[in-house]
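Below: one structure, written as structure tokens.
The chains carry the letters A, B and C, assigned in the order they are written, with residues numbered from 1 in each.
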Amino acid sequence: MINTKENTTTPVMSIEDISISYGDDKYAVKHVSAEIEAHSITAIMGPSGCGKTTLLRAINRMHELYPNISTEGKILLGGDNIYEMPTMNLRRKIGMVFQRPNPFPTLSIYDNVIAGYRLNGIRMKKQERDEIVEKSLRDVALWDEVKDTLHSKGNFLSGGQQQRLCLARTIAFRPKVILLDEPTSALDPISTSKIEDLLVELKKDYTIIMVTHNMSQAARISDKSMFMYLGELVEYDNTKKMFTTPTDPRTEAYLTGKFG
Amino acid sequence: MNSDKILKRVLFFSSLVIILIAAAMVFSLFKGSLPSISKFGWRFLISDQWDPTQGSENYGALLFIVGTILTSVLALVIAIPLAFCTSLFVAEYFRGTKLASIVGTLVDLLAGIPSIIYGLWGFYILCPLVVEAGLSPQGFGVFTSALILAIMIVPYATSLSNTTIAMVPNDLKEAAYALGATRLEVIRTVILPNARSGMTASYILAFGRAIGETLAVTMLIGNENAIPHGLFSTGNTMASVIANQFGEASGLQLSALIELALLLFVITTIINAIGKYIIKKMG
Amino acid sequence: MDNIINIGKTAGLLSSIGYRKAKNNIFKILVMVFSFLTISMVFLIIGTLLVKGYKQINLAFFTQVAPDTFTAMMATANGEVIPGGIVNGILGSIYLVLIASVIAIPTGMVIGVYLSENSKKKYACLIRDIADVMQGVPSIVIGIIAYIWVVVPLTKGYSVLAGGVALAIMMLPLIVRSTEESLKMVPDTLKEAAIALGTPYYKVIWRVLIPTSFSGLISGILLAVSRVLGETAPLMLTTLGNPDVNWNVAKPGSAVPLLIWQFYNDPNMVNLIWSSTIFLMGFVLILNLISKWIGAKRK
């Protein structure tokens, strides 16, 4: 435990004074700054509409798919401002898993895992591809379940399996950071706990940032927690500390179920 | 018997009307074609003779079948890129914007323009252009007809495509974007595979429209009873020959024209059925 | 296993980014150019009509019947505007559409109600398929049908009635499907509320379903009318045309598209083509747009 603590003190990403507005000066995210530690799970919490999903999507610039959006501030990944990178590069370094499992229904399980390579037009030898697929599926503990049906379409998979397939698709690229947007909100409790175990396992290799609606999930698996309210980052601290002794009264109110 | 039961009966019996009409249509066409069918049999389909001279009357549909297929296929080939791009414009690139709804409305208006107006426009504007370009001496022919037909069927090819493209789940597009795909790559790997059957169906339905289109083609194809030997040569389609000769026809010629109509009916029905079948399979 | 993704590959990737972006942009430009090409046809066609036909539009155009070919020839020879108008065609078109509507709208609406009330039944699916097949039948074939059904046995010659029947057959499936679609959009809860109050079924339809979906029904009817108003081919085989205004359903009648066809085939009348076309196009498009507007307002 002490060892991992030491590991988690190096920042891999720093968010510097990010503000995001939709069209008519309505700010979804206001002046958020935070350092994200490597090999940790950071949970972003807050009531709906607090800007947590927008902030998460700003980290791989998926928020730019919304119309009329404008972003101020910068996010540094290994010293480079992500807003000056081509999004195609950035999104390979920062992967994303969505709220609802969304494997590509027209592709086989195998092709889903290497979809990122195919989309980016990377040609590989079959052996290389096979290795990536197996490794990624093993990493998400799905290999044994699907190894005999790799080349059929994944629509017979359960919701939890599909979400793990999406996770495999994301890590197939070896990103530095994985973003998860409420990844278990559409799943049953057993699938949820499987994914949670997996995330704890995966943080050895990756830095994970997840939005969650579920406070107990944040308490169970995250190392650090952010609490956002009305677009502001109210509190950002070690999860244990935030859940035991929150400094801001708004955080306390949220954690004790006063709103949200 | 209470009012509800009466009403249900009335509704049910009125629904029989449409079956009766459809059945009567088939029956009448068949009955009208009987003289021709019994005289020429299957030869009607493969003979390229169309000779109304009294005494040596001889009728075959091959000329017109070839003319129809040639113009319609060419029209579809021209219409698909236009329709494909317009659908992407409306349902993907500018989805939900005012611009998209204006473009969508304008494309729909193309479907509202009467056939005769397309014919006039083709005759007075397009034909001179074709002549000027030195492509054909009078401007009529397969190519001119197909070009106008293409414009006429674009709205049919887009409307269903728009719906299916717009129905591709946003989740999937986002998943592809999150893997670093460009918009073109999202279109190629997510939108097209998911919208393919709907788009195919809409192109098939548009093709069915092209086959039955009458007046614009009649005004532009040159009405020559010969198998077209090139893009710019003249010809005749099943519909155009009916429009041209029906007024003066009688006896066996009339029956042969009705048999052409029966053929047209069967072909368009089969094509539409294929299109609908694909749509149904999509669910 | 861990370093299966080596650095060399990433470097190769970076160089292709510019290429991929360029392809992406070129495709977007392509899409915009082709879309523009498509919609420019609307303007090209309407523009041509307006430029060529505005001179001929005057009051007489809407009040007088079409001139004979000799009068037209003299006027053209003297460089004058061709006298006369298309009133026989305008009234003829309205008459035809009225006849078609009287036949097709009530029948089509009743069938549409049946479909929306029994939407899941196999039999309803059959009816729906038949309506779709009828919608796809080429208009010239419909013309022949009306010729066989009306011209030959009933009116023993070309007649307004035959044209009306042809247009009615074309309208029927349009009305059936648009009625079904707009009734389907009425929420079930509304119907259930009425039924729960003990309202007889016909009253539920008459007082609840039809009023709530009224604008959709109207929009569908207008669209169907605008579709058949410009039809020419089936009228050539049924109503033929008439130089005078005719109200006798058993006699040949005129229609605006038939007049245009006649002008097109008569070199002396060429100048009348464009003004008649403006009129037809304006009429059709306005109906079309009103229908769209009503339909859009519902949503």
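Please note the rule applied: contacts are C-beta pairs under 8 Å (C-beta built on N, C-alpha and C of every residue); 3 or more make two chains touch, one makes a residue touch a chain.
Predicted model only: the values in this text are computed from it and were never measured.
*Asks:* Going by C-alpha centroids, which chain is farthest from chain C? Tell me that one.
*Replies:* Farthest chain from chain C, going by C-alpha centroids: A.
*Asks:* Go through A-B and A-C and name the pair with more C-beta contacts between its chains.
*Replies:* If we tally the contacting C-beta pairs, A-B comes out ahead.
*Asks:* Quick check: how many Å separate the C-alpha centres of chain B and chain C?
*Replies:* Whole-Å distance between the two chain centres: 15.
*Asks:* How many angstrom between the C-alpha centroids of chain B and chain A?
*Replies:* 50
*Asks:* Distance between chain A and chain C based on Cα centroids, please, to the nearest Å.
*Replies:* Computed from C-alpha means, the inter-chain centre distance equals 52 Å.
*Asks:* Residues of chain C that touch two or more other chains: which are they?
*Replies:* Within chain C, the residues that touch at least two other chains are 20-21.
*Asks:* Could you check chain A for residues that touch two or more other chains and list them?
*Replies:* 88-89, 92, 120-121, 173
*Asks:* Could you tell me which residues belong to chain B and also touch two or more other chains?
*Replies:* Chain B, residues with two or more chain partners: 182, 185.
*Asks:* List the residues on chain B that touch chain A in their complex, please.
*Replies:* These residues of chain B touch chain A: 96-97, 169, 171-172, 174-182, 185, 189-190, 193-194.
*Asks:* Along chain B, where are the residues that touch chain C in the complex?
*Replies:* Listed in rising order, the residues are 2-4, 6-8, 10-12, 14-15, 17-19, 21-22, 24-25, 28-29, 32, 81-86, 88-90, 93, 103, 105-110, 112-121, 123-125, 151, 154, 182-185, 187, 205, 208-209, 211-215, 218-219, 239, 242-243, 246-247, 257-258, 261, 264-265, 268-269, 271-273, 276.
*Asks:* Within the complex, which stretch of chain C touches chain B?
*Replies:* 20-21, 23-24, 27-28, 30-35, 37-39, 41-42, 44-45, 48-49, 52, 107, 110-111, 113-115, 117, 123-124, 126-127, 129-134, 136-141, 143-145, 147-149, 169, 172-173, 176, 200-202, 205, 226-227, 229-233, 236-237, 257, 260-261, 264, 273, 277, 280-281, 284-285, 288-289, 292
*Asks:* Under the touch definition given earlier, write down the residues of chain A that touch chain B in their complex.
*Replies:* Against chain B, the touching part of chain A is residues 60, 62, 65, 67, 87-92, 95-96, 98, 100, 102-107, 115-116, 118-121, 166, 169-170, 173.
*Asks:* Could you pull out which chain C residues touch chain A in their complex?
*Replies:* 1, 4-5, 9, 13-14, 16-17, 20-21
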